[in-house]
Amino acid sequence: MNRTPSLVVALLVAPLALVLLWAFHEALTQPSGARLADLAETSLSRTGVGNPVTAVLLSYRGYDTMLELGVLLAALLGIWSLGRVSPGFHPPELALTAMVAWVVPLLILTAGYLLWAGAERPGGAFQGGALLGAAGVILRLTGERRLGLPSERAQRRLAIAGIGAFLAVGLGTAAAGLGFLAYPESWSKWLILLIETATTLAVGMTLAAAYPGGPPGPAGNERDAP
Amino acid sequence: MTLDTLLPAAIVFSSLVPGLLIFLVAEESHRLRILLNLSGALVKLLFVAIMIWGVYHDHNYESRLTLAPGLDLVLQADALSVLFVTLSTLLWLVTTVYAIGYLEQTPNRSRFFGFFSLCVSSTVGIALAGNLFTFLVFYEILTLTTYPLVAHRGTPESIRGARIYLIYTLSGGVLLLTGTVWLHALAGPVTFTQGGMLGAVPTEQHGTLIAIFVLLLGGLGVKAALVPLHGWLPESMVAPAPVSALLHAVAVVKAGAFGILRVVYDVYGIELADALGLLTLLGALASATILYGSLRALAQDGLKKRLAYSTVSQVSYIALGASILGPVATVGGVVHLVHQGIMKITLFFCAGNYAETLGIHRVSQMDGVGRRMPWTTLAFSVGALGMIGLPPIAGFVSKWYLGLGAVTAEAEWVLVVLGLSTLLNAGYFLPILYRAWFRPAPEAWPEEHIPPGRLETMGTLLWPPVITAGLCLIAGLLAEAPFSPLEWTELIARREYGL
Amino acid sequence: MAVLILVFDLILVATLLGLALAALTSREPSRAATLFIAFGIWLSLVWARLQAPDLALAEAAIGAGFGGALMLAAARRTAHRATRGRGDEETEPDEAHPP
Amino acid sequence: MDSLALAVALPLLAALLATVWPARATLLGLLGALATAAAALMVITEVWEHGQLSTALGGWDIPLGIALAADGLSAALLAMTALVGLAISLYAAAYFDGRQAMHFWPLWLLLWTALNGLFLAGDLFNLYVTLELLGLSAVALGALGGDRAAVAASLRYLLVSLLGSISYLLGVVLLYTAHGSLDLARVAAALQPGPVAAAAMTLMIGGLTMKAALFPLHFWLPPAHASAPAPVSAALSALVVKAAVYLILRLWLDLFAPLVTTGAAMLLGGLGAAAVIWGSWRALHAERLKLLAAYSTVAQIGYLFLFPPLFQATPPGPGRDDLLAALVLMILTHGFAKSALFLAVGVIQKRSGHDRIAELGGTAQRLPATTFTLGLAGIALIGLPPSGSFTGKWLLLNGAFASGQWGWILVILTGTLMTAAYVFRVLSRAFNLEPTPPGFVTDARTELPALLLAAIAAIGLGLAAAPLWPLLGGGEDGT
Amino acid sequence: MTELLFGGAGILLFAMGLWSFLVHEPLLRKLIAFNVMGSGVFHILVAISERGALRPDPVPHALVLTGIVVAVSATALALALDRRLDDEDPDG
């Protein structure tokens, strides 16, 4: 790695950074006021959830989140399509295997809490899903070949659970004449909770399955080093 | 959607539809293919007859399709277009019969006849084009549909010839495109109007008009085989005889010449063209081509190569006619469009017969062929003598009017060119006739495919040249009859000059 | 009081940029991955300071956590492959990936 | 007014079903393709009647919620995507065997969702998400080929795509910081010339030119498009690259119109011209058909970037409407022609095991329908009549003459001749001494979709392009 | 004032990431660079949403969350592709 290209690139990137800083400074001085903050706050009561971030994620910009789950699904399908993968070769440390016994249930419990809390206090589907995924990764590190993941059929159903729930609710409200993803005010809390639960499971399973890579099929029962 | 708006489009589709159907016809079902071919040709002939009758009575036909605001695909019938349409329809029928005989037991006939019909559709489209844009569209489609025919045989030479053909015609196409767009940007949609439509262009734009004319001439000159741009014609003689006959004697070459007539008469208008000095440029180029073509023809031993160079020189008569001011020269030039067509197609048919029946490809092998194939050689003689300009064959009529037109326009140098080229024509045609009739036949012909039976060769190969030779005689003898090519050309000249 | 917060913020930002620079410039893959995880966690700390608890959690769990785990696994695999494949090669396997 | 949401929801639904029931992926895929095409048709007819459409999703009006918007431009591209997508689906149903089909269909339908989502999006951040979904599913599909070259090329494509998206996102963030809204129309209203707008424009259009493979940033396209399976390359070249070009056009017309300096337009034009020459030159020397087609894409994208300088120079009015319609016409024609070309090359590759141009003779002779498709697609790529790109090139030349910018004329002409050179280099292989094939069509299920697409490009778009002008709202607002 | 400080840090992160992305060859370093750039942009979003005493603007927060998930899935796919390349010929 000779020095010259990195210097040249640095000389190019530095002025770009300065320009961006200047533009950012200008942007801050523009009279955009509190941007969308006040608007989001005032209509929070009509979304049926207390946590504004969850309201934006699930209600105001639900379509964005649906497509984002699509991105996650595309990544997972891409990883699955790449075919069989040679397993990693590093023996699990003793402390890790001992720790698994209580860390995994704790992770699952916290994930459940985050999911439930997401409506009113900081938390939410993605954070919960991440913890579930983390539980899977830890299992994988301690040699559990199939990361505690269910059969292929179940994995495929779980993978599309989140986006499926979104789509079902969306098409349902559209069919009911309200407009795509326009939750009726009285139901919106439960609809959001339904979607969030499905999303948590989907994100958890997707992240766990994406970690080792390889197709969703049963990875045989040989119990080798992770 | 009355007959008036449907007829021009119907003429184009009457060969387009059978063409596309023929592509789908399986290789071995000959009867269906022949049926499609001939039915298409006859239907087109019928439509053309109706149109001739209509145009004669000042009835105007127009099919219009708007591609974009200000860009219309227009097919309309005026006297000049009807002349070219009749010529190509008639000769397409004759050539189809000839091609069916010529291509017996050869591969890829569905592909051949499919593209053959598409070719004629584009030629007819060129003839009926109502504005320069439509002319350009069909002009380019003609290039596309002729390429597979030139490369039909698949031998390395034919692919090479086709490639050279493509390089010339596509480059020409690009020049024509640029000129047309420039003119369109300058003077709006360029519709063909009798007497020219560029009168209104302000004088300071005249420099651009000259530049545009050079571009247009470059594009059209490729297909009209004007001197520097004629290289592709001798090279594409590798194509099968029907292709050389119809395309390189009638369709493609005439498309270029027809384009020059349209541009000079119906875009620039003869007075503006003369004022800008374009006619002298065109005249010089035409004369150079006439002499150069004839000179090169002298030295060619290959029969088809010699005919090719003769075509190069003969087509420029039309350009020469257009470059001389005055209705008489116009009549000479335009009528030569028809006469040269029927004469040259006869010569190519006969060349094809010699090659197909006796395996003769070179002039030196032509000794005593008159006795072995009397009818074909007779037709060949009619065509050759017509080319030289001997009365009563059609060629004489057009040279006569050209000369007369030159005299009335005080362009005596044209007489010199005509005289010289007549001598040169004699120079390269008479030796062939002398060999064919007066030299003793060799013991064995190079490759006698078809033994002498009741007819000297297959019926489908023999009758077409005889028919077209007959046409040359009739066009010459009955020049003054109504609906003859000469009469019709005088009608064109009268309308063009507004007499 | 405000000055104290400013100093605190400056420390936060300085450490953040330092960690990022370290992660980007370290040549050895495992070291880079670990530093990247540290950077992720520090970033979630900064976001907690900026009153964005949801994001702090998400960045810690997904960005630093899961992304870091992937990076670590990949780093260990490249390191493993480097030692098994070409002993003499410099620490970084030069994959042919022009930018 | 729900047809907009349906156009995105239906392919997504089909993708999910295909993921859950892999055994019946092909059937679900075809049904999904039909449903999506129908939804797209509904949108187009509505746009044809009412001009512009927009629905606020989730029941929240902008600026809080996200709006889907459809005008003439997005309707035209939606129509192209529907038709090309339908043909690719029919072709893929016959092209892929069981195992590969299982992986192909969900990803292909996700790609289609992203395309429809992108053409209908009216929100800047939503565009970022659709761009990412498009990028990821395109990369995953590209790697479906399985061999080393395909995976390496897809990885490089992913990296470039990510760099482009993150640069786009930073531009969006700057705009949000300054103007407090993510909706395209609102930001456009609030935008004034200044450092913020200039920086945002450079970042966003710069990122998108990376994804649209404009000349210096095109290196990732040829290997990625050449190594992917045929239907995937068709989708990549005809649709995915076009989405980036569409987005640049959308941002250019709706957001940054007042800001664009002639300098920036000239730069894009210059890069486009370089792309035309460079792409055609490399296509001329490619040994493999798919590489030739990929380089041809680079060249044809170059043509599209010749329009900005002419746009700048022509005042709003009929002249500019013609230019916009010509640009859309060339985008559509290239979409149809290139997808037909790749599908035809797929048939040749499947039947003869290779796509090396030198040894093409035998197969080209034995597959008349495919060779005919190559011919028609070639005509549309060169821009010979009666193809749509001929009318497009005519109007482009007309614009160049009218605005007196002579340089582009030379580029267009050389480009046309070079394109003709590499197209006929392939077509001349079809004439050799092989035995004549029994019939015109050998395998209907793969050859007919390709032939149909090529016919639309070479004849349909040429003759039936007139409705494009009213669709694009020529005259009143000139968007 | 804090918006400019933290926002500026975000832009610096973006610039550093861009530099590393363009300069370094190995995929892992490119991915780290990409993630740092992403984090930089998200950091700007978080910085501008902070409103002192009032509750911060939730919309950028949602954008950041979506962004993080998208960045992770892209990284996962990139690493899976790279792993497939390694398995193709183990000695690299």
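By written order: A, B, C, D and E. Residues from 1 in each chain.
Just so we're on the same page, contacts are C-beta pairs under 8 Å (C-beta built on N, C-alpha and C of every residue); 3 or more make two chains touch, one makes a residue touch a chain.
Quick caveat, the model's predicted, so the values are computed rather than measured.
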Starting at chain C, find the fewest moves between touching chains needed to arrive at chain E. 1
Hey, which chain ends up farthest from chain B, C-alpha centres compared? C
The pair out of B-D and A-D sharing more C-beta contacts is A-D
Chain ID, smallest distance between chain and overall C-alpha centroids: D
Between chain C and chain D, what's the gap in Å when you average each chain's C-alpha atoms? 37
Using mean C-alpha positions as chain centres, tell me how far chain A is from chain D in Å, no decimals. 30
Using the average of all C-alpha atoms in each chain as its centre, how far is it in Å between chain A and chain C? 20
Length of the line joining the C-alpha centres of chain B and chain E, rounded to whole Å: 70
Out of chain E, which residues touch more than one other chain, so two or more? 7, 12, 14, 19, 21-22, 24-25, 27, 30, 44, 48-49, 55-56, 59, 61, 63, 65-66, 68-70, 72-74, 76-77, 79, 81-85, 90
Chain C residues counted as touching two or more neighbouring chains: 54-55, 58, 62, 66, 70, 73, 77, 92, 97-99
Chain D: positions in contact with at least two other chains: 64, 125, 129, 132, 136, 139-140, 143, 151-152, 155, 159, 170, 176-177
In the complex, chain D touches chain A at residues 2, 5-6, 9, 12-13, 15-16, 19-20, 22, 55-60, 63-66, 103, 106-107, 110, 113-114, 117, 123, 125-126, 129-130, 132-133, 136-137, 139-140, 143-144, 146, 151, 170, 174, 176-181, 190, 194-196, 198-200
Quick one: which bits of chain D touch chain B in the complex? Just the residue numbers, please. 318, 321-322, 325, 368, 372, 379, 384-386, 390-391, 394-395, 397-398, 401-402, 409, 413, 416-417, 420, 424, 427-428, 431-433, 435-440, 462-463, 465-466, 468-469, 474
Spell out the residues on chain E that touch chain A in their complex, using ranges where they run on. 3-4, 7-8, 11-12, 14-15, 18-19, 22-25, 44, 48-49, 51, 54-59, 61-63, 65-66, 68-70, 72-74, 76-77, 79-81, 83-84, 87, 90
Counting only contacts in the complex, chain E reaches chain C at residues 1-2, 5-6, 9, 12-13, 16-17, 19-22, 24-33, 35-36, 39, 42-43, 46-47, 49-50, 55-56, 61, 64-65, 68-69, 71-72, 75-76, 79, 82-83, 85-86, 90-92
If we count contacts the way the header does, which residues on chain A are in touch with chain E in the complex? 1, 5-6, 9-10, 13-14, 16-17, 20-21, 24-25, 28, 34-37, 40-41, 52-53, 55-57, 60-61, 64-65, 68, 71-72, 74-76, 78-79, 82-83, 85-86, 124, 126, 203, 207, 210-211, 213
